[in-house]
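Some structures are shown below for you to check.
You will see two complexes here that share chain A, one where it goes with chain B and one where it goes with chain C.
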Partner chain A sequence: MRSALRWLPGIALLVLLVAGLEWAVNAGMIRRALMPPPSAIGDALWDLLASGDFVEPLFATLRLVFAGFAIGSALGIAAGVAMGWWPAAYRLLEPLVELLRPIPKAALVPALMLFLGIGEAMKITSVALAVFFPVLINTLQGVRGVDRVILDGARTHGWGTAHVLRHLVLPAALPFILAGMRVALGLALVLAVLSEMLSGQGGLGFLILDMQRSFQVRLMYAWLVILAVVGLALNTLFLIAERRALHWQPANRP
Partner chain B sequence: MSFLSLDAINKSFAGVPVMRDATLAVREGEFMAVLGPSGCGKSTLLQIAAGLLPPSAGTVRIAGRAITAPPPEAVYVFQQYTRSLLPWRSVRDNVAFATEHRLGKRRARAIAEETLAQVGLSGFGDHFPWQLSGGMQQRVAIARALAAEPAILLLDEPFSAVDALTRLDLHALFLDIWSRRKLTVMLVTHDVEEAIYLADRIALLTYRPSSISEIFEVGLPRPRDPITTRALPQFLELRQTLLQKLLARPDA
Partner chain C sequence: MTSRLRNASGFALVLALLLLWEVSARLGWVASPNWPPFTAVVAALARDVMTGEIPLLVGGTLWRMAAGLFAGGVAGVVLGLAFALLPFVARLFAPIVELLRPIPVPAVIPPLVLFLGLDDTMKVTVVALTVFFPVLTNTVQGVRAVEADALAMGRTFGIGALRRALFIVLPASLPYILAGFRIALALALVVAVVAEMIAGEQGVGHYLVMMQFAGRAEEIYATVLLLGMLGYALNRGFLLAERRMIHWWFALGRQSDA
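Let's look at the complex of A and B:
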């Protein structure tokens, strides 16, 4: 009850903005062709949800996000651990990483299309690329930050390298890894939508662009609302998973 | 017959010599204290003995065998229990840390429970380290070392980060475990009374580049008592001698 009250001002502002928009459009201050009243968008959204037509594009996009996020995270963690643990791996890969990391991954989509076409493979690769670098950088930082004393403790008890990496380095670096993955999740959604737009087929990204081009502006906004909810839901789910994984941290205990 | 021997150990960091020809022989079952002021390289010497740090020159032998990596016979107990325990593991799993890689999780947890009981922490297995007091956390660290059933314990000021009463408590616990398990112990400390109270012999470490300058026989009867032992004339005499030696350093 208390936490619901805490959010009251924020929710009130949101309602006020939507109502204000409705009023502004109806009063003729904004052209309907560009911005239909929110109630009309609501109607379009309702039709979309009721007909079930939203399911297929939504799942197409989610599939990209999840596949790309999983692949990019797994590779990012593996590369980050290798670079953080073995100095030789760091010296080998660091120049390459520093060269590729600053490129906005969206700019690589056209090049990927040359090699992989406009299908699933290209889209998943774009998402995975966007996810890979932030996860790698954070994992690297987390692995390097593992306390010397903990590592010496493992050595004096005779732990082997594989056991150290699996049971000591990974859990110790986990808060960093998860922070990187949370940033990467947002980027994953961006690249999924963008690669759908550029490829001209499938999913929420394509539909938003397609609706705009065919002057179905109400539907464009309806899809946009769905996309916003997807982003919010993904982030919330991740935060819950993160808190569960880091349950041992005092801040996460009741 | 020495069980753990340090033979002419030299160590330099970035070309600066910090240890020169440190030589020490610890007998089997002996409690050896290495006493020295802060910053004289006590921890460095102990880490070399543990195989955690390679000496620049010299040899460490355990039971006659020269070692170059952490040997299975010896376990190192760190001064900073807050940093050596894993915050994401329960107390039980922190103790299982000692054996899980050899015996598997199940067996390691069973041993952990037994060892926790021996240090007076039964019932705390499910707690996390941060939920315990400093003294209790250091008990967990001691339990972790004991769970590995080492022949040699290397103690890096493990009693210095807790309050005075807790320290007496840990001393008693530790002496009891030492005598029951017939452990060989090398303890480094800057606390003169702690060294006399616990040890059979005390090696004095000089300033940098450090080496072992003298070895004192304590010769106090066992079992020792936190109050009466400290009041014995022999105790006070040795305390005075050692303090004078420590305070007489040129650059103290």
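Let's look at the complex of A and C:
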């Protein structure tokens, strides 16, 4: 209850801004062609929601984000554990990773389009690539940070490598891995939207750009609101999942 | 000797992969116009740099990046200081900031095109928006980490609130702020290129899309390579500058990844 009161001024300001925008547009201070009144955007949004037209593009984008995120995370964790655990793997792969990591993944989208066309494969690959590196780097850090004494203890008890990795190293590195995945989730959404825009087909990203180019400004803003909600929801859900997965951790996590 | 050989395994792998690339393209193992040999890509890069075409495009992109970095960075630091020092400001603006933050950047480009057109203003704004959030978050964290003793000392000496903010809080939170800028720097380059890809006819991003439409694989790889090197150089340069600006922080034995 008190926390709700705490944010009251901010929410009041938000409402005030939207109302002010509505007034300013209706008073002719902002051109309608650029910024329709919020109520008109609300109507367009309601039409999309009520007719169910939002479902297909929304799921197209979400499918992309989830597929790319899952593939990139799985590969990133696997490579990170290997590099963090076996020094030989680290020495072998580190120069390659350092060489590929600074390449902006967004700039790779045109190159990927040459090979994979403009379909799902290209989009999922670009999302997975963007996810891979932050997850890899964080996993590596987490695995390297595992307490040596605990590892020696496990060895004393005769644990095998697979057992140690599964039950000791992975849980200990989990806060780092999840922090990397949290950053990667934001990147996944960015790359999904970008590759939809550049390929000229697909879900929310394509629609926002297409509505702007065909001057259907209300719909552009309506789709943008949907995308913003998706971003906020994904972020919030991940934070909740992260907190639950790490409930055993003290508060000072990375 | 053996240890040096073992350390060389990583470089050997990189060389082997490059060799594989070269050979597979030359001998036609990968029969595709999209798979030019590595040397051809390097040659294309050298050619485009020599003709002055690429340096001009890169210069434009870097300029827009720098302008956006400056604008977004200043806004992030100022609002971050205000958020951390004046709780009421935080309560007033935090909901708006948190609503805007998760919107993926490419999606704000179409509405900004409506208001600001296709040229520099729009692109600088997109970069500034991207830079703003990490700098803001890190500034708030940095101010929270300022030692209470330092502030109490300032108060004891009768230093006013504004001067305390500028001369005690700001320098003490600088390591965090710089860490935010380092994150923002990498994002800024990417977002500048992304904005150019989506709208307008400027810079490296537009060039990439043009080359893709023309099917000029060599130029695309050359540009990607160049952007990678540029990103790496910017990060290295920033790390060096960071070392100089906050040497006292490292002298205390702390890490740059605060």
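In this section, the second predicted complex is superposed on the first by the 249 of 254 C-alpha atoms of A that agree within 3 Å, B and C clash if a C-alpha of one lies under 4 Å from a C-alpha of the other, contacts with A are read in each partner's own complex, and residues count from 1 in each chain.
One rule holds in what follows: a contact is a pair of C-beta atoms (placed from the backbone, for glycine too) under 8 Å apart; a residue touches a chain by one contact, two chains touch by 3 or more.
It should be emphasised that the depicted structure is a prediction, and the values quoted were computed from it without experimental measurement.
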{"item": "First (chain B), second (chain C), both or neither touched by A:I150", "value": "first"}
{"item": "Touched partner set for A:L49, first chain B, second chain C, both or neither", "value": "neither"}
{"item": "Contacts of A:I103 with chain B and chain C, given as first, second, both or neither", "value": "second"}
{"item": "Dominant contact partner of chain A by residue count, chain C or chain B", "value": "C"}
{"item": "Contacts of A:A241 with chain B and chain C, given as first, second, both or neither", "value": "neither"}
{"item": "Touching partner for A:G158 - first (chain B), second (chain C), both, neither", "value": "first"}
{"item": "Touching partner for A:P171 - first (chain B), second (chain C), both, neither", "value": "first"}
{"item": "Interface residues of chain A shared between complexes with chain B and chain C", "value": "none"}
{"item": "Complex contacts: residues of chain A adjacent to chain C", "value": "6-7, 9-11, 13-14, 17, 33-35, 88, 91-96, 99-100, 102-111, 113-115, 186, 189-190, 192-194, 197-198, 204-205, 208-209, 211-213, 217, 220-221, 224, 227-228, 231-232, 234-235"}
{"item": "Of chain B, residues touching chain A in the complex", "value": "47, 50-52, 70, 72, 74-76, 78, 80, 83-84, 86-89, 97-102, 128, 130, 144, 148, 154"}
{"item": "Touch list for chain A against partner chain B, complex", "value": "147, 149-150, 152-160, 163, 167-168, 171-172, 174, 246, 248-250"}
{"item": "Touching residues on chain C, where the partner in the complex is chain A", "value": "6-7, 9-11, 13-14, 17, 32, 34, 88, 91-96, 98-100, 102-111, 113-115, 186, 189-190, 193-194, 197-198, 204-205, 208-209, 211-212, 215, 217, 220-221, 223-225, 227-229, 231-232, 235"}
